[in-house]
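This structure is in structure tokens; I'll ask about it shortly.
Which chain is which? They are A, B, C, D and E, in the order written, and residues in each are numbered from 1.
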Amino acid sequence: MAHIQVQADDIDLDSPLLVEGLPGAGLVGKIAADHLVEEFDMDYYGSVHCEGLPEVAVYEGEQSDIRPPVRIYADDDRDLLVLQSDVPISPTRASEFATCVTGWFDANDVFPLYLSGLSEEKDGVPEMYGVATGAGHDRIEAEGIVPPRQGGIVTGPTGALLNHAAETGFDSVGLIVETEAQFPDPEAARVLLEHGIGPLADIDVETDALMERADEIQEAREELAKRLHEADEESTQAQPIRGFQ
Amino acid sequence: MAHIQVQADDIDLDSPLLVEGLPGAGLVGKIAADHLVEEFDMDYYGSVHCEGLPEVAVYEGEQSDIRPPVRIYADDDRDLLVLQSDVPISPTRASEFATCVTGWFDANDVFPLYLSGLSEEKDGVPEMYGVATGAGHDRIEAEGIVPPRQGGIVTGPTGALLNHAAETGFDSVGLIVETEAQFPDPEAARVLLEHGIGPLADIDVETDALMERADEIQEAREELAKRLHEADEESTQAQPIRGFQ
Amino acid sequence: MAHIQVQADDIDLDSPLLVEGLPGAGLVGKIAADHLVEEFDMDYYGSVHCEGLPEVAVYEGEQSDIRPPVRIYADDDRDLLVLQSDVPISPTRASEFATCVTGWFDANDVFPLYLSGLSEEKDGVPEMYGVATGAGHDRIEAEGIVPPRQGGIVTGPTGALLNHAAETGFDSVGLIVETEAQFPDPEAARVLLEHGIGPLADIDVETDALMERADEIQEAREELAKRLHEADEESTQAQPIRGFQ
Amino acid sequence: MAHIQVQADDIDLDSPLLVEGLPGAGLVGKIAADHLVEEFDMDYYGSVHCEGLPEVAVYEGEQSDIRPPVRIYADDDRDLLVLQSDVPISPTRASEFATCVTGWFDANDVFPLYLSGLSEEKDGVPEMYGVATGAGHDRIEAEGIVPPRQGGIVTGPTGALLNHAAETGFDSVGLIVETEAQFPDPEAARVLLEHGIGPLADIDVETDALMERADEIQEAREELAKRLHEADEESTQAQPIRGFQ
Amino acid sequence: MAHIQVQADDIDLDSPLLVEGLPGAGLVGKIAADHLVEEFDMDYYGSVHCEGLPEVAVYEGEQSDIRPPVRIYADDDRDLLVLQSDVPISPTRASEFATCVTGWFDANDVFPLYLSGLSEEKDGVPEMYGVATGAGHDRIEAEGIVPPRQGGIVTGPTGALLNHAAETGFDSVGLIVETEAQFPDPEAARVLLEHGIGPLADIDVETDALMERADEIQEAREELAKRLHEADEESTQAQPIRGFQ
């Protein structure tokens, strides 16, 4: 049942790099990934149907299309994919989710870039570190991305994705950036985009707009928390998604 | 096991439109759907037996018939169906429910119209938006129903129904109306009936009675909450359903 | 595994009527059913072994026999069965229970009479209403039992039994009597016995003793609550059943 | 998977009587059973491996052997078995446990003697009653053990064992003794040993030591509660078992 | 699915002894095991993939490798293995875990040494006791390791491992050391290393560094508790592992 369904057959990709943007500490991955989709005006490419994902219906402003909450966007010029999610992945289903999407990555020669915030009191520009599995080691070394100074652990769905890659010998890179975990952190997302995603994907991404949107992002995060809470309630409801979708 | 059982074999329908009336935010769908059943004196057409629906017995006043809590009513002159429910659908079973009823819709060439309240502080007449899957896009455009101004998410069983339609490429329309989610909202239901259901189903429905019943609806809602609570208790009990059944 | 095991092979029954006496609102069904067992000195006929019934051991005073908590008693002269339970049926297992016992009713040509209390503030003699499935309609009409004045819903195991009968087209009658749901209500049980069970089963039952036992019944109910609570505790324990077993 | 594994092949038993000593109200069964093991210096005979039993490791003082928490001890001269447990049996697993051990009893021609405390305010020497299934009736009558004066219910694992025996027609006896359920009750255990177990097993057991150990037993019970609580915690731990193991 | 995957094929071991270092009371096993890995600069040998282990990704300082949270380290000169875990094993999965790793121990001729803290108020140097299954008895006797003075019970994953060894007749030794269960206890770990692990594994291990690290260990433990808590939260996060990894 679990599968990823390509919705745009006319997009050609050649061993693309995928930026994972699941909601996590500081929303660093989601902010960076959503920014890529908007900045490059990426195309809706695939819908993600894995066991345990909440079956809710998402719509964008000024459009009447219904989409699933976890989607893949593509930019064929840049050979780039983004995994975007409007809902958090339950930690109890993280393992199933990892198995579900990694299978598709493997079958389609996708190289994933996993993003995680490291909860730290920051001092100046947040530091960013790289971890890797398989051939990912060469990629981070080639870009001069340093390993973490201190040992640590990545939890949640991104932890499951990295764990799964390590177990099955699948190539991947993980970027870990210092963040204030309790608040959306566009500054940390900027560091990921400029010093990690940019060089690794060989793309140039403008991040000025990102910095101007701090307020909007804070509001979006409150919506996310509310939405998450209300998805547990018994009644059907439509809710606005304000901000940087 | 899960199935919909036709109880009235003598009703002929030709690609009917179905109005979904599950309890949700503002009870907008339930109020609109129940009003159609009463106003058009619709016939009891089918009983819905999907996994996870509470197995309770419903009876109407002045009649000794026992019916299931989720039922389909029909009006063959108007080629119209209504999905009526006296119980909320548990969000943990929403996916199973969506699969169960969509299968029957598909096999019987039913075009569903899903209804959802959008929690907003309203100012004047509530606004109504349309979303769609497949051929539903043509239908809302033909009636001039506009897409949502802002992105959003539909949760609960109606969200699962729309998600399921999008995933499987099944034709459907979703109507989203501004509502005060915490209270039954006959005004929002009126907007759905006049500006959405009416044109899409090509029917003319009198809504004056709807507006006069605000008190009755409030009482009915309190019963619904109580019934929901007591269904979890350990003992058998009969409870009155006051109001607009 | 689930089954009903006949314990007395020498009892001959011909299309018997069964009075269901599961604990519910006002204990109306249990009080009426237990009264029939005692008043007619009915014989222990069958043990009920359905999935989800608590596996506890019941004994009567002055006897050393061990019996299951849910049992069927018989009176072959009157062609009467009673379903007696010393434990509440968990609402989460109500559906399984309904399937389990209805199968046996069907195979043995048993006509069930389901009993439910309707939570109301009473004024004078409690009113009693009849609902039905299949050929049950003729039976209640023949005895002049009126339908409920107002629509309503029957929850719990009795609701599941009625729902199951309606779904599968099995003949049955449900009697609904006004009761004060929070207290054992011998007066409501008397109405069931005199105006419902008596005519439908064509039996004459003395109810004077029932009215004299109000105190005893109150005490029994407190035991029932305590027993229910303690069945969840971790240790084995024997507990007295005071009252009208 | 579930089974009882004989650990001492050199012990010959001929239709032995087994005394069940699971923790329950007043610890009456456990106190009586543990006393038999100690007083007769019984041999470790079998380990009990049923689904749902906590997988903990038990050791005795001055010995380095590891044993499971539920064990059977034997005395071949007296044709006696004792079922000893250092852990409570979860009521949600009581049914599986009953099926698991009853199968072994049946296959090995074991006659079980189930023990239960009846929560009562005692006045003088606690009263003891007998219940039975199958040929157990003859045994209690032969020893003049009277049935309970009043009806009641046995819950927990012992209730499940008696229920299972009644359902499958397996021979057994249950002894029910008045106890103060909240405290270990060596006096009630003495009554079981002298007036019930002694005559039924045709053994003579000295109970003076039992009465002298009231303090030790109270301490052991507190350990049991603590152990039970801590078994739910996440970390491995060794804990002393003080008292009458 | 559950398995242990050897990650270093070039390490030759001949019936190695394995020191189990799962987090438990006083962290005695984890402190001792982690110390061996560091002191002997042991090689990463195998990754442990058993059902129920949290799927998180672990990294060490100054390295970009991703590893699973439960790992085996090897020292082929000393024929020594260490089972290291950065996460607690849930007690509800302890049985599955025991079956999973014991199978591998058995297939690879591994002799396990299980470690447990005994919660006691200590007076001077903590006492250490040995328990055993099968041929483990000879090993502890040969080293003069005494049995526990008093009976007791080992709970948690280590209890499940010992229980499993006893049930299946698998050779093993368990060392039980007095500890203050609520705090990391390097002194108790030192006793295990010097008086238990050292003689049994025939190794000489320097423990001075262990004693100097009390503060670091306390800090690490607080991290462990925090990490455990946060692994339950819904978002992905990287967290530092400070201390003696």
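FYI, a residue touches a chain if its C-beta (ideal position, glycine included) is under 8 Å from a C-beta of that chain, and two chains touch if they have at least 3 such contacts.
Fair warning: this is a prediction, and the values are worked out from it, not measured in the lab.
**Student:** Quick check on the contact graph: shortest path length from subunit C to subunit D, in steps?
**Tutor:** 1
**Student:** State the superposition rotation angle between the two copies subunit B and subunit D, fitting on C-alpha atoms only and giving a multiple of 5 degrees from 0 to 180.
**Tutor:** That rotation is 145 degrees, given to the nearest 5.
**Student:** Count the residue numbers both subunit A and subunit E use at their shared interface, divide by all numbers used there, and answer same if that is over half, different if under half.
**Tutor:** different
**Student:** If you average the CA atoms of subunit B and of subunit C, how far apart do the two points sit, in angstrom?
**Tutor:** Result: the chain centres lie 36 Å from each other.
**Student:** Where the centres are mean C-alpha positions, what is the separation of subunit A from subunit C, in Å?
**Tutor:** 58
**Student:** If each protein chain is taken as a node and each touching pair as an edge, is the resulting graph a line, ring, star, complete or other?
**Tutor:** The chain contacts form a single closed ring, each chain touching exactly two others.
**Student:** Mind pulling up the subunit C residues that touch subunit B in the complex?
**Tutor:** 22-25, 29, 88-91, 94-95, 98, 116-120, 129-133, 137, 140, 147-160, 162-167, 174, 176, 181, 228
**Student:** Which residues of subunit C touch subunit D in their complex?
**Tutor:** So the residues of subunit C touching subunit D come out as 5, 47, 49, 54-69, 86, 227, 230-242, 245.
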